[in-house]
Amino acid sequence: MRNDNLTRTYMPRHRALARAAAAYQPAEHASASSALSEALAQYYIKQEPYYRLINDEVELYEAAYSVRMPIMLKGPTGCGKTRFVEYMAWKLGKPLITVACNEDMTASDLVGRYLLDASGTRWQDGPLTVAARHGAICYLDEVVEARQDTTVVIHPLTDARRMLPLEKKGEVVEAHPDFQLVISYNPGYQSLMKDLKQSTKQRFGALDFNYPEHAVEAEIVAYESGVSLEIAKNLVHIGERARNLKGHGLDEGLSTRMLIYAGSLISKGVSPLAACRVALVRPITDDPDMRDALDSAVTTYF
Amino acid sequence: MRNDNLTRTYMPRHRALARAAAAYQPAEHASASSALSEALAQYYIKQEPYYRLINDEVELYEAAYSVRMPIMLKGPTGCGKTRFVEYMAWKLGKPLITVACNEDMTASDLVGRYLLDASGTRWQDGPLTVAARHGAICYLDEVVEARQDTTVVIHPLTDARRMLPLEKKGEVVEAHPDFQLVISYNPGYQSLMKDLKQSTKQRFGALDFNYPEHAVEAEIVAYESGVSLEIAKNLVHIGERARNLKGHGLDEGLSTRMLIYAGSLISKGVSPLAACRVALVRPITDDPDMRDALDSAVTTYF
Amino acid sequence: MRNDNLTRTYMPRHRALARAAAAYQPAEHASASSALSEALAQYYIKQEPYYRLINDEVELYEAAYSVRMPIMLKGPTGCGKTRFVEYMAWKLGKPLITVACNEDMTASDLVGRYLLDASGTRWQDGPLTVAARHGAICYLDEVVEARQDTTVVIHPLTDARRMLPLEKKGEVVEAHPDFQLVISYNPGYQSLMKDLKQSTKQRFGALDFNYPEHAVEAEIVAYESGVSLEIAKNLVHIGERARNLKGHGLDEGLSTRMLIYAGSLISKGVSPLAACRVALVRPITDDPDMRDALDSAVTTYF
Amino acid sequence: MRNDNLTRTYMPRHRALARAAAAYQPAEHASASSALSEALAQYYIKQEPYYRLINDEVELYEAAYSVRMPIMLKGPTGCGKTRFVEYMAWKLGKPLITVACNEDMTASDLVGRYLLDASGTRWQDGPLTVAARHGAICYLDEVVEARQDTTVVIHPLTDARRMLPLEKKGEVVEAHPDFQLVISYNPGYQSLMKDLKQSTKQRFGALDFNYPEHAVEAEIVAYESGVSLEIAKNLVHIGERARNLKGHGLDEGLSTRMLIYAGSLISKGVSPLAACRVALVRPITDDPDMRDALDSAVTTYF
Amino acid sequence: MRNDNLTRTYMPRHRALARAAAAYQPAEHASASSALSEALAQYYIKQEPYYRLINDEVELYEAAYSVRMPIMLKGPTGCGKTRFVEYMAWKLGKPLITVACNEDMTASDLVGRYLLDASGTRWQDGPLTVAARHGAICYLDEVVEARQDTTVVIHPLTDARRMLPLEKKGEVVEAHPDFQLVISYNPGYQSLMKDLKQSTKQRFGALDFNYPEHAVEAEIVAYESGVSLEIAKNLVHIGERARNLKGHGLDEGLSTRMLIYAGSLISKGVSPLAACRVALVRPITDDPDMRDALDSAVTTYF
Amino acid sequence: MRNDNLTRTYMPRHRALARAAAAYQPAEHASASSALSEALAQYYIKQEPYYRLINDEVELYEAAYSVRMPIMLKGPTGCGKTRFVEYMAWKLGKPLITVACNEDMTASDLVGRYLLDASGTRWQDGPLTVAARHGAICYLDEVVEARQDTTVVIHPLTDARRMLPLEKKGEVVEAHPDFQLVISYNPGYQSLMKDLKQSTKQRFGALDFNYPEHAVEAEIVAYESGVSLEIAKNLVHIGERARNLKGHGLDEGLSTRMLIYAGSLISKGVSPLAACRVALVRPITDDPDMRDALDSAVTTYF
């Protein structure tokens, strides 16, 4: 039960949001903000991305964003996590800064570093700092690939403090009220050696993603590749066959993205058999038996 | 038994405190101290943080601070250790510098380094040096994650000498009389490979933390998330169920912070079931059986 | 089935192609483009490379290029993958930038870095950025040898976004409409430790390569080395014998390139036996039994 | 048997001492030595440190110093090794430079490095070089933690040559006649992976340290913490109980330093039970059984 | 069979040779070439190295050089591989740049790097680039010791392209028509962890080397050390005895180079027994039994 | 048998010596050589080091130096290898540059590197280059500790070429005719992981060292420490007892250096028992049984 003397007590997340909003709102209409706007301009999604709603994920994300809860998107490769974030950024009208994480990425790659200039060193904000300072959604793709210092650096941004200490610069950035952190995570991938620490996981709400159901996926494939719905349905059938082989010789099933690739070749005049060979079968396995199984799945439908 | 000729003998900790106090107190009223004050200004906790007293931890901390004993806060993720330090810093009226430790952090990240400037190299104090020099409480969060050089660097600050040698600069910083070092430590986490050295542990007094008892935790959840006390109590029931699963399929229980997340979504109009799914269940496990167990715990209370 | 309101919706790959084309086409006829053209000039294949068509690989590649699908060339060492890319670049009239990947290559080696200049730091595009910015085919040879950050850096260039974030520079490069990414991959090589991630593999269409069949390979050897077709056929016979030993004491068979080497020595007057010893047998094995087996294969044909 | 023609033969250690003394003594009375004196001034121990003599360790150290034999102090954590060196430095009237070694420390951290200045690079002596050049006692605390290059770098300073080659600077520093090297070493710690090389050990004389006997330790605790001798004796009893548990569940016993910590809290008004819990029990173990055993030891005496 | 329209088709190796020759030949007579000549001057072998022909290796090397085939010299330590390359470089009148490879060598050590100059950064060619640009034979000694990036960097120089991309400089160096790459390789050494990749091996022709037969080796030892042929023969007998022990307690046999060392001592007046002890037995083994076996071999002949 | 036309053929080692001598001898009498002389001045051994001849090692070393054969000194810690090199350098009148090798030393530490100066980068010769360029004996102490690149870098200096390529500087240094390379090696130390490569070992003649026999060692101890010969003999007896324990609980025996340490304390008035405890027993073992065994050996003789 919330009591009345809210403003006199300590509610850091709400306060941080309010304080930052006060500080930034005038600036956004002033001339000094033009450089700022420019920096972010390239990160706005200018047109509505094609996104096919699956469930209540849009609604849940909007609620999470309204309290700026950090969000973790869980699901397999190529099922639409990146597209979903782009869609939400467009819907909310916020800039989106995407960082593909990898094991050689350092905290400095996220936070920023000093560069040597004609007049000495100059600080340059990293993508996470740009997002926190100017109010973008920051999307860390496959965050589990990154080194631990990269994941620990996000902690103070994901709890009540909503701040980012730039230790090398001696500055503490208070997150802009529009800032939100989103990460993606593929549960099928994680090994014992490489997993998010519990103290990181507990800082995020989580949304599950998976390949869409048959009719929806066919609609997506048809729309994105330009093939007829009938051909798209056949491609989805092949995809489903392959997904059933996951764990029985295939590390991962065929993604929606791969089905779209195959459709694109077909719509360019390539024969369906050749298109499926190039875009679906050859990329994911070199095992002769698996290739036979997948090739025969292809010939069943084309 | 303390004898009378105290001032003529060697009591380094007390002496260091006294000497440093003498050196700093005038400066604090002089104009030259304005830059100093400015550097620290951003580290003061301006308003009383919401902290619900559990036991005698505030009293013990005050006694420890009065002799500037270094303190180690032990306890699981998200149980309120960071909030407690913020509260004590506010109560004692001291600035607080927090550093989230990680395995790629070097001693230089704590102590400082030379930067290249228009006019050559310039020394920049790291957060630990700023705290020691100007008299802040320095809080090293999850210090066990840091590399050994980071933990050894704090040794001379934690025994009778209370000094910090900046070897690269050729300076020995005597700690400001207000300086105190605080570290956090999660006993459930430590592996054989990663633990504090005994010679480090023995330099700290220790306070234990854990999740608060039912009624207190419900009060906290209601206060911080804005839900009714009744809903908060249900969330705490769910949290307790999950904590009982720790070691039987869950690596760690649900933290108070996660319960507040769920409450925040509910107070934004999300249905309790969806809110718990997003904020409690999905983030901590991908195991279908565990998810079922947790989901049924949720439906029991909502 | 593609609908009509295409231009009002979100089809990033097509859009990115169109937008970039609009931006670049005028520039290509302007004077400002001369520096650009110069930078790329050295990457054009000036004369038709000798390439002997095996199957429908040219046709498939052209279809893939028409939708700018990223392509993975699979096959053993020295079977003509590099020559094929050179031929396609010549046929399509596009510049080709080749990068030989290795395990010490960093993402910066691909993307670019700041260099220190008389007037401070200056950004220098890496080969991948040059290709993406100015519209070349970028060929990453033996990409699996590279460190993970090198492979992750290509992700945003290989999905619908077709963009390359230069995080250190704070710039997002939209790929030129002519840009395409090609990688090579030797399936016989990959160990458990070193393989492409599934999330990388799924971003590419794949074409299989192998040593050509007898008559075709003899034609190639004769053409490239200058020996008679008869001698070339004998060399190919020896090559086929050696390929049958693969897995029975030889790690890999004799490549077409090695047969051409042997032919070159013969056409310079070296005796066939000595030429085969130097160019075929000695390089691939130090095992006495294997050497005997191969030497006797040589004496069978010469 | 020493012969008479000593000065005509080669006795490097004695010679080095004599030569260096001749070179430095005038300088110490000249004006040019003021900068030098200043650099060392901060390293003098200004007042007699409290040190309770245990055995003949002071006498032995003085003899070792008189021939400048390098000394190794062996003993467990917190038993007074650092205090002893401070006491000896005070007694001998020599400056003391202490370096806390760690596994990330490099030889350059000890010896010095080039820094970039407004007018190019400038050499800066490291702590070992400062000590060798100007005649301080250099104390390398827990030297076994350092990397091998750090331990090898001290070799030419610890044999007859008494010199320190600064290879990066192209200078050979002859040690000042007052210079002596002291290292500490905790035998209970060393693993197979981390031990001093025999060729390093053989360069040092060794003094053993341990916790003082009951009456002496109580006197120290009372003196340093300000509690009555009676309370101090009880604290020492608890300490002895804990030391008996070493190897039976405790990695290391309670150090004298910890007993002083507990005493300090008691003299600030904290109840003895709480003080012992915070300062003795909680820091060294998280095992419930061990905590019970230690807690009951506490309640026996308070 | 080579066809007539050679000049209109694609024969990269021949073309690259021709094109580069055209570009460089004028330059070699121009004044601008003096700096170039100077750079290479120190790499010419000014006098005929003593080389004792063993087989047809000179003839085969000349044929390989005539088509600029990259060459791999295989054989044990100290059997004359380096001397052979020096002899061939002298015979062909080409400069020779030798690089002793090691596991800490980077691709930059071979290819070149930017250096910081008074006027900013300046590119400096590495030895491989100097050789490729100006037309030297580049000899990479014990190439298998180098890191993989060092071996992959030579790939584009060893196939039909004959080019060296300087990725950091954004330049593609076309190899000078005189350039040839030679590597050495000791088959007895290679472990599973350290071997050339098949895709590297297949780019080289290979010549085998071994210790010369008795009479030839004695002649070499006598010539190089200045001892009589009789003594030389005895030294060779001892060498042969030791080589028979290879694999039965000795890792490697005695090299010709060691026999020459022993001979040199003898020709300086050292007794043969002492010379053999110092130059042959003591260096290669510390095993008492092995030393006895070798010592008795020595006493048999002297 | 050496033939007459020596000067017209290729004898690189002799030639290199002659050529370099011709180049340097005038310079040594010119004014330009003063800077050079100065650089080396600090490396001359000014007075005869005390060295007690054991066998024919001086004679053998002189013969080896006369042909500039690289020499490896083998033997345990503290038996006099370093003193022997100092003695030989004094006897031959050559400067001596000693480098204590360690596993973090890089090739650049030996060879040299670019430093950043007020006017850009400036090359600074490393100790090996100084020795090779100006004609010193270069002594690499415990070379097996160094990384492989450090050992490979010495190869071209140790065969007939006698040259040192400074690859980063693009210069090839021809060794001065006075230059010789000496390394030390402790056979008892080497593990499988850390040993000299055969191709390195074969480039050196080897001299064996060990602790001297009883009477000689006593003479040395008396001379160096100032105790009577009787006491020295007792110390040597203790040393011999300890050496018999090597392999039965002690990793290495007591070195002559340690006996001198003990003698030094005794000659300063410390009781023999205490002196032996400090200087002999405590440094080499922490095992109580070993300490008892050694202590009783001490009491037997004092």
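Order of writing sets the chain letters: A, B, C, D, E and F. Residues in each chain are counted from 1.
Going forward, contacts are C-beta pairs under 8 Å (C-beta built on N, C-alpha and C of every residue); 3 or more make two chains touch, one makes a residue touch a chain.
This one's a predicted model, so the numbers in the text were calculated from it and none came from an experiment.
Q: Going only through chains that touch each other, how many steps at minimum separate chain A from chain C?
A: Tracing touching chains, the least step count from chain A to chain C comes to 1.
Q: Show which chains lie in contact with chain D and also with chain F.
A: Common contact partners of chain D and chain F, which must touch each of the two, are absent.
Q: Rounding to the nearest 5 degrees, give the angle of the rotation that lays the CA atoms of chain B over those of chain F.
A: Rounded to 5 degrees, the superposing rotation is 120 degrees.
Q: Please indicate which chain is farthest from chain F, where distance is taken between mean Cα coordinates of the chains.
A: A
Q: How far is the middle of chain C from the middle of chain D, if each middle is the mean of its Cα atoms, in Å?
A: Going by mean C-alpha positions, chain C sits 61 Å from chain D.
Q: Using mean CA coordinates as chain centres, what's the gap between chain A and chain D in Å?
A: From the centre of chain A to the centre of chain D is 53 Å.
Q: For chain A and chain B, let me know how many angstrom lie between their CA-based centres, rounded off.
A: Distance between chain centres: 31 Å.
Q: Of all residues in chain B, which are in touch with two or more distinct other chains?
A: Within chain B, the residues that touch at least two other chains are 116, 119.
Q: A student should be able to answer this: under the defined touch rule, what is the ring order from chain E, with chain F coming next?
A: In ring order, starting at chain E and going to chain F first, we get E, F, D, B, A, C.
Q: Can you list the chain A residues touching chain B in their complex?
A: Interface residues on chain A, with respect to chain B: 1-3, 8-12, 15, 56, 59-60, 63-64, 66-67, 69, 72, 74, 106-107, 114, 116, 119-121, 147-149, 151-153, 155-156, 159-160, 165, 167-168, 170, 172, 187, 198-199, 201-208.
Q: What residues of chain A sit close enough to touch chain C in their complex?
A: 39, 42-43, 47-50, 77-78, 82-83, 98-105, 109, 113, 115-119, 124-127, 130, 141-142, 145, 186, 222-224, 226-229, 251-252, 254-255, 257-258, 261, 264-265, 268-270, 274-275, 278-279, 282-284, 286
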